[in-house]
Structures are given as structure tokens and as C-alpha cells.
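Letters A, B and C mark the chains as written, and numbering starts fresh at 1 in each.
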Amino acid sequence: MTTGNANSMTGMKTSRRRFLAGVAAGGLTLSVPGLRQASAQSTSGDLVFWSQLAGSKKAAGDDLEAGFTKAFPSIALKSSLYADPSQLNEKLLTAISGNTPPDLFVQHWDYTLNYGSGGKLLAMTDTVAAFGAGALDEGLLAYSSAGGPLISVPLYGTSRGLGFNKALAQAAGLDPASPPKTWEEIRHWAMAMTKRTGSLLQCAGFNLFYNDLGSFELFTLFLQSAGGSMLSDDLKAPAFNGPAGLKALQFLRDLVLVDKVTDVGFGLGTGAAADPFTQKRAGLIVAGNYNINNSLKAGIDFGASAVPLEKGGGYTSYLDPFCFAVPAAASGRAQALEFIKFALSEAEQVKFALASKNVPALKAAQRDPAVQADPLLARFVEFAKYAPTKVPALPVYSRIVPIVARAVLETMYGRKEAEAALAQADVEVRAVLKGA
Amino acid sequence: MTAPQPQVSSRTHRSQSTRNWGAFAFLAPALLILFLTLVLPGLLTLGMSVTDVSFLRPTSFVGAANYLKLLSDPHFRDAMGNTLYYTVGVTFPTMAVGLLAAVALNRNFPGRIAFRTIFYLPVLTSLIAASVVWMYIYEPYSGLLNGVLVKLGLDPQPWLQSPGLAMPALILMAIWRDFGTAMIIYLAGLQDIPKDIYEAARLDGAGRRDILLRITIPMLSSVSFYLMIILIVQTFQVFGAIYVMTGGGPLGSTSTVVFQMYQTAFAYADFGYAAAMSTVLFLCILLFSILGTRLMPRSRA
Amino acid sequence: MTGPNSGTPLRAGSNSSNLRIGPILESLIGYATLLFFALLCIAPFIWMIGTSFKADAELYEFPPSFLPASLQWQNYLDAIHSPNALRQLINSLIYACGSTLCNLVFCSLAGYALARLQFPGRTVIFAAVVGLLMVPAQSQIVPVFLIVQKIPFAGGNNWLGQGGTGLLNTYWGMILPSAATPFGIFLMRQFFTRIPMEYEEAARLDGAGTFMIFWRVILPLARPSMAVLGILSFQAAWNDFIWPLILTSSRDMATLQLGLQLLQTGPDARWNVVMAMATLITLPVILVYIVVQQFVVDGGVSTGIKG
């Protein structure tokens, strides 16, 4: 789990990628001369840009676009904003099928890999190389390729840790300065912060119910924390249905059904307006970067700490990169590449990170004093380092998420035993991986 | 657009039995639009259902594989069950509430128009707006419904968070939104019932319940039939409320056929499989509508 | 088709013939029941409007208050000032009015032909229209999108529909899928079937052609049905969400429903501003309804649906 490992691995992968790129990806060979030519002359024309930089990232996205328009007056930026990755995905799928894609988009990595799986995206190997070796965070970059050429460039990532409401912790007699370091301490914190009046839950000690993606992440974190992993090393088979998975799921289940640190389904809902944490009605949460802005806005005294390993002595995390990609059919390719270069410049990366509180893709920006001086942002930049170096970069990942989430939720709702739920999910995930 | 036609014909044939080719000029624009937006897409869907089209990767013909997969797909079976639950749960209560409202408002009394307008208002709300409002009504902690329950001394419920309650909660909202339509259609139907039938019944000493059950409801059966078909077609295709309010959850308890079709197509880019679902759904709606016709033979009289 | 006062007085006898206490009590109970249900029915509206005026701090009180402590007009300003709200309003209006107009024209023409004109294939065409009522529209989005994109000679397309973007990102493209609906044709056809033949006979004797009869004689009679079709079409387009989402890709073409959705999914969504927006969006449809309601209720639907 060290960054050194990540370096050597990405290096190995890159050479294989290069080879594959030459053989398989027509897009790459075609695009290289085009790119060179484009960057040589001063670029002008339209740039159609679609993004999901809404919500907590909205201000940062607006700034980025305004900065670009100012720096490149000859490029007419036409941007569209979508509420979330799934909405943007609807747009991109229809646009790609209708051959009317934008010139550039920012999207969640698994969707991007899916578009890339049919050669619908421009290869980005050269664009990434232009930033210099090791300029971009390897952990984030690892999600830009499913074994073939790089087909996207990370703009930012979100990492996961434990978030807690310092005021609630203090009120429960806990010390916000020494957050939980083991599962046992997590359990202790969760139980201490749970508040009920009669049967009515006033405050969940640990908010454990999220939508599919959130439930999936919750389980993944505890699975890793117990020493397991979601998929096998070759990414060809599920690996969660083992002792570590069982232990993790059992732990989560017991928190709900035995320790009753939350109610079944508590806080579940669409839109963050339903988020109990910002209503001061949850003590602990699985936190991502987006929680920073939302909590600050809601006036929460927000604390964050890394997810500890089961018995302590280390941490784990989960990375979720959001990447730029350029459709192969895009006409404004040169403009798109200008935008990527601009957005990944150190100054813009720092600005974007400070405004959105996301982990910047550029390593120099991660180290930047201003970023490091932002206490919460710096923590999440640190958490990113705890994510496993072996990443599940598969186009079918978005199909695995709901299957695993279903098993997790069925167990935590008390509808199924952890063992049976995981076994069922194992069968389904195996089928998805085989079909891929 | 004018279609000149022989004047003689209309005089000689009372019911205009001439072949009026000009009719096609009247029909052409609408039929062209229907062809472009329903028939052709329907055929394309049928075509897609025997392929593995993803629009991302090369497409190949897979024969009946998608349909065979559907037969053994437990999630699709669940979605079918959920859809039926929703359809039955919305259609009949909506008709009943609509009928009662129509009967209550089908007479002269001060404020009648106001009541009618109020009962019709929910029909006019946009689905997104209504869904957002109802999400906040169902919100377990700060929502209206639990607020009322607690004031009445009852336990608050996790409405949209519980696999058992989420579907009834969606159904309740749908009835709220749809019964106005049923009311208006029934009101119109009531006006066509000859008044002397009521007079005769009253002279025979029939009570109001008798009149409702023996005269009003049977006389409205053709209206009921029409309403039922419209509601079945509409509820079978429920999507928007689920998309906004539950995302098919919790535990898949509100995942309906159209929602699953949408997910298969857009979240997984498996357009071929989604097209097969669509075809099966169409056949189901057709089957149900035909069944409805058969179950109500007297209504056509 | 009769005036608003011709409702069947179910209790006509008891109303007029006696003034005993029973009927009065009965009508009091009747009123109370109606009032109760009316309250249930508009509770969500009051909740929506009430919430739209609440201050942020009031949103998460438990138990929640039904009415706001004070009127926060700022929420409405925030909603209106959400990006592109005015542009979205214009787009929504164009979409809704365009779709309504097209439906009125195309569906009444087709409905008239199916109801009153004799021509080969009439039964088959009518059966097909009824069958199309049952096609699940949601699943057709992708094919419809592809077709709209391939309309010949539009958006830089050649005669084969290739090379350009067709009607994507245009108002025409937005309106096309709802420009004529099986439901609208069905409704108008059912209405026209019920108009007595004599009207046409008389006009025909005066030497009027088919279109003249339709335009001068039949259409004016159809005003109530047109009102029904109009409000239903307006409402459907105004409230439509998925099609504008899929079709449009520039911010300039987005509609209010898309704006509302964007407003409520953001992680920092504020219920009060969302409700203010929902109120603003719902209002126009209610106003249109109130304007045309006497047609809708008292004449229109009736006629359309029986047969």
C-alpha cells in the first residue's frame, strides 16, 4: 500500500498499454498527427463541454470555465451542466449513438471506461505524457485505462474517510482529537453518539444507509479494512465472498441490528437535502470530499479521519476519479486538449481543489502549500494515499456496484444472512465478469 | 388542404359513403408524425431486441437470446411483480375515488366549482415538482406526514426507506395525482345519464346507495372501461416518480419494468436487452387491455 | 355539452320538497366530508408554498411546522436567479405552446377524417391509432433520438439524413414527438362522432367543401374538446422531463423542469428554494387551467370519451 508500488505498477502497465495501443486502438494512431498539428498553431473555434461539476463543485467549475474563456478568447466555450454522473451518462450515450458528442466532457471513471471500451474515445497517452512522467497522481490515473491505452485524464478525485460531527462527539464525551483507530473504537463512538427519544431516532451514531454507490463504498472500505479486496488480482473473479467480506458485512449488520446505532433505512433518499449529517442528525459517516463543502455550508464542525484497519495499525481508503475525455468523433479536439492542459496547470488545479475541496490530479497541486494549509482538504489528500494500489478499472464496474450494494443492504435490513447475501452476489458478479 | 368533392354524393348518400380520398390530406400530417415518433421507433426497438447493440461496441445479431435471458432473470420477474402491484394499486382506487368525487360534485350547491377545481389541481402539477414535494412530505424526520402522525400520537414511519412502505407511498401519491382525471371523466359521464331513470328509481323508493350501485355505476360502465384502459396503459409505464423519488429502491422494492429497462439501457448501455424488455412490456399492456375488454363485456352495450 | 348547472341533482327531491332538519344535517355532513378531502388534496400545495417561504433554519425542525414563521421572499429571488431561469422559462413556453398548437391542428384534422369521412382503410388506421396508445413511450427514447437526428435537410443533413445534427437542439425537434399523439386523435375522433350529421348536411347543401365544413362548421362546435386537448397537451409538454433532457445539449435549450431537477439534486440543495421553484413552475399550468376550466369540465371530456 505504498506509493512506490503504484509507480512501478503503472510503469509496467504503461508499456503494455503502448503495445496494445499500437495494435488495437485505431483512434490513437490516427489522432497523434492531429494532436501535434493542433497544438502547434494557436487554437480557435467552438468547444462544446459537458460536465457534472454541479453541487459542491459548481463554484470551482464556473471559475475554471471563466478562467479558460479569459485565457483563450478565440475559443468559444459552450458548456452544459448536468446534475450528476448518471444524467450526464444518459446524454453521452445518446449523443455517442447519434454521433453528436461534445468535444470534451468530465465524467465518473467507470462510465468513461465504458465509452472507451468500444474505441469511442480519443487515446490520451500522449496528452498525459506531455505533463511529464509522474506529474499526475498514479492512483487516479490508474482508472483511465482498462488495460488498453489511456482514454481519459483525471481532473480530480474524491477519497473516503470517516467523517464526524465534532460537537456531537464532544457532547457524547468523546475526544474529537483522537478519532477511532480500530473497529472496536468505531463501534464505541457510534454507540456513544446515538441518541433516541423513546423509539424515535434523534441522531444516528453512525449513518450506515446510503444509495447503491454509497453502500458499495461502505462495504468496500470495511472489506479492505478486514484485509480483503473486491476482486481477484487479475480482476477476473470476485474476491469479496471470503472471511474478510463476511466479517465486514457482519460488523456493519450488527451495528444496525444489534447495537442499533441507526435505524434501518435511516437517511436513505435521493438528493443531499435528505442527508442527516448536515442536519446534525448523524455522528459518524463515510465521508468523501463533497462532504467538506456541504458540512461547512450547514455549519457543522466537521472532523475527518482515515478509515482504520480492523485491529488498527494502518488505514484504508477508496478513490473515485473524475476524468476528462474527448470523444473520437469530436470536431473541436484541439480546443478540448487546450482545455485539459489549462485545467491541469498547477495554478488552476490549486484553485479548483481549494474551491471544490477535491483531491487535485496534479501531484504538484496536492503538495501546494495552500492546499496543505486547508486542514480538511489536506486530510482527504492524505486519505487518497491509503487507497489500494490495485484498482478495479473495468468497464463493467458500474454493473457490479448495484449487485454488491443489494447484498449489503439486504443484510443490513435484516432480510438475509450475510453469508447467503454475499454468496448470491458472488454468483451474479461472476456472471457479469464472465460476460465482459 | 381543401378537398373538393362531388356535391351530389352527400345528397344521395345520407351517411357519406363515398370514398373521400381527401381524407388522406386530413390524416397525413398526424400519421406522418405518429409514424416517425411511434411506429418507426417501435420497429427499431423490435430490431434492436435481437441484437446486443450498445452503441459503443460493434453490434452483432443474437437471435432470441435476450428474450430467453428475460425468462430466467429474477430481477425482471421482480420488476414485473412490482409493476403489477403498482398498476392494480393505482388503477382501481383512483377510479373509485374519482367516481365518489364525481357523484358528490354532480349536483348544484354553492362552492361546487371550487371543490371541483381543488380536486383537479393535483393533475396539473408537474411530475418532478410533485415528486419533490412528496419526497419532502414523506421525509421521516422533518416531513409533513410523520409530523401529523406524531401529533396524533402514532409512531413515525420510514416511508420511502422501507421496502414494505415505499411502493404504497408511491401509489398514494399517484392516486392523489390521478383521481382528478377520473373525477372529470366521470362527471362528464354522469351528465349523460338520463334523469328520468333516477326519477323512476326514486319513485320506486330506491335509496341513494341503491341508486349508486344499481344505476349510476352500471350506466357509467363504458366510461369506466375507457378510464381503466387509460390508467392501465399509464401505470404500466410508471417511471418518473420512481426515477426521482426512490431510484428503484429500497432493496429493489420499487423497481418497475420501465425503470429497469431505463437502467439497462442507460446505466449499462445494454440497449438490446432493454429493447427486449420494451417489447415484452408492450405485449403485456396489450394483453391486459384485451383482458380488460373481455372482462367488461356488458360495458359496450 | 350542457351548461354548468345541468348536473343531475341526485337529491333534488329532498332539497326542494322539505325543510326538515335531516337534510340540513346531511348536507352539513356532506360539506364537512368534502372539505376534509379538499384539505387532504391541497395539503401538498400548502406544504409546497409554505415551505417555499421558510427560512433555512426552519427546514429541519421536528415536528415540522406547517406554515412558515415569516415570509422569506428571498427564496423566490434565489430560485429566479438560479442560472438561466428566464431562458428556461422561454424554452418551456415555446415547447408547451408549440406542442399544444400542433396537437390542436393535427389531431383535430385526423380525428375529423376518422370520424366523418369515408375512405379505404379507415378501420385499420383507427385500430392502429388505438394500438399505438399502448406503446411504452419511455423505451422509444433512443430510436426517436436517432430519427430526430436523421431528419433529411435539417441541421446540415443531406437528403439521406446524414452529415448533420438534424433537429437535435432545436425547438422543432423538441416538439416533434408530441406534435400529434394517438390520445389526441382518439379524443377528437370520439368527439366528432357525436356531432349530429345535420350540421354538415346543411353546410353541404350550401355548397361547402370538406375542409370548409370542417373549418367553419365542425371546428367551432369542437371548442370544448379542443380545450381539453389543449390543456392536456400543454400540461404534458410543460411537465415533460426526459425528452428535453435527452434532446437538448446546450444550456440555451434547457427547460424549467431540467432546471428544477438540477436545483434539487445538487448536494447543497435547499428545500425552500426548490419548493419556490416548484411553485413557480406549477403556477402557469394552474392559471391556464382556470382560464379554460369551464370548457374542460362541463363539455369537453364527456364528449371525447364515449363511443
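In this text, contacts are C-beta pairs under 8 Å (C-beta built on N, C-alpha and C of every residue); 3 or more make two chains touch, one makes a residue touch a chain.
Owing to the predicted nature of the structure, the values given are computational and were not obtained by experimental measurement.
Using mean Cα coordinates as chain centres, the one most removed from chain C is A.
Of the two chain pairs considered here, A-C and B-C, the higher C-beta contact count falls to B-C. Chain A and chain C have CA centres that are 41 Å apart.
In this assembly, the C-alpha centroid of chain B lies 15 Å from the C-alpha centroid of chain C. Looking at chain B, one finds that residues 55, 136, 141-142, 150, 244, 265, 271 touch two or more other chains. Shared interface positions of chain A, i.e. residues touching 2 or more other chains, are given as 90, 97, 270-271, 273, 279, 281. Looking at chain C, one finds that residues 60, 142, 146, 261, 264, 271, 274 touch two or more other chains. Considering their complex, residues 2, 4-13, 27, 30-31, 33-34, 37-38, 41-45, 47-48, 51, 59-64, 66, 105-107, 109-110, 112-114, 116-120, 122, 125, 129, 131-140, 142-144, 146-147, 176-177, 179-180, 182, 185, 197, 200-201, 204-205, 207, 209-212, 214, 235, 238-239, 241-242, 257, 260-261, 264, 271, 274-275, 278, 281-282, 285-286, 289-290, 293, 296-298, 300-303, 305-306 of chain C touch chain B. Residue ranges of chain A in contact with chain B, taken from their complex: 86, 89-90, 93, 96-97, 114-115, 117-118, 120, 199-200, 209, 211-212, 263-271, 273-274, 276, 279, 281, 398-399, 406, 409-410, 413, 415.
Chain contact summary for the complex, chain C toward chain A: residues 60, 141-142, 145-146, 149, 165, 168, 245-246, 249-251, 254, 261-262, 264-271, 274.
In the complex of the two chains, the chain B residues touching chain C come out as 1-5, 7, 10-11, 14-24, 26-27, 29-31, 33-34, 36-42, 44-45, 48, 55, 101, 103-109, 111-113, 115-130, 132-134, 136-137, 141-144, 146-147, 150-151, 176, 184-185, 187-193, 195, 198, 202, 208, 211, 222-223, 226, 229, 233, 236-237, 239-240, 244, 258, 261-262, 265, 271, 274-275, 277-278, 281-282, 285-286, 289. Taken together, the chain B residues at the contact with chain A in this complex read 54-58, 135-136, 139-142, 150, 155-156, 158, 160-163, 244-247, 249-252, 265-269, 271.
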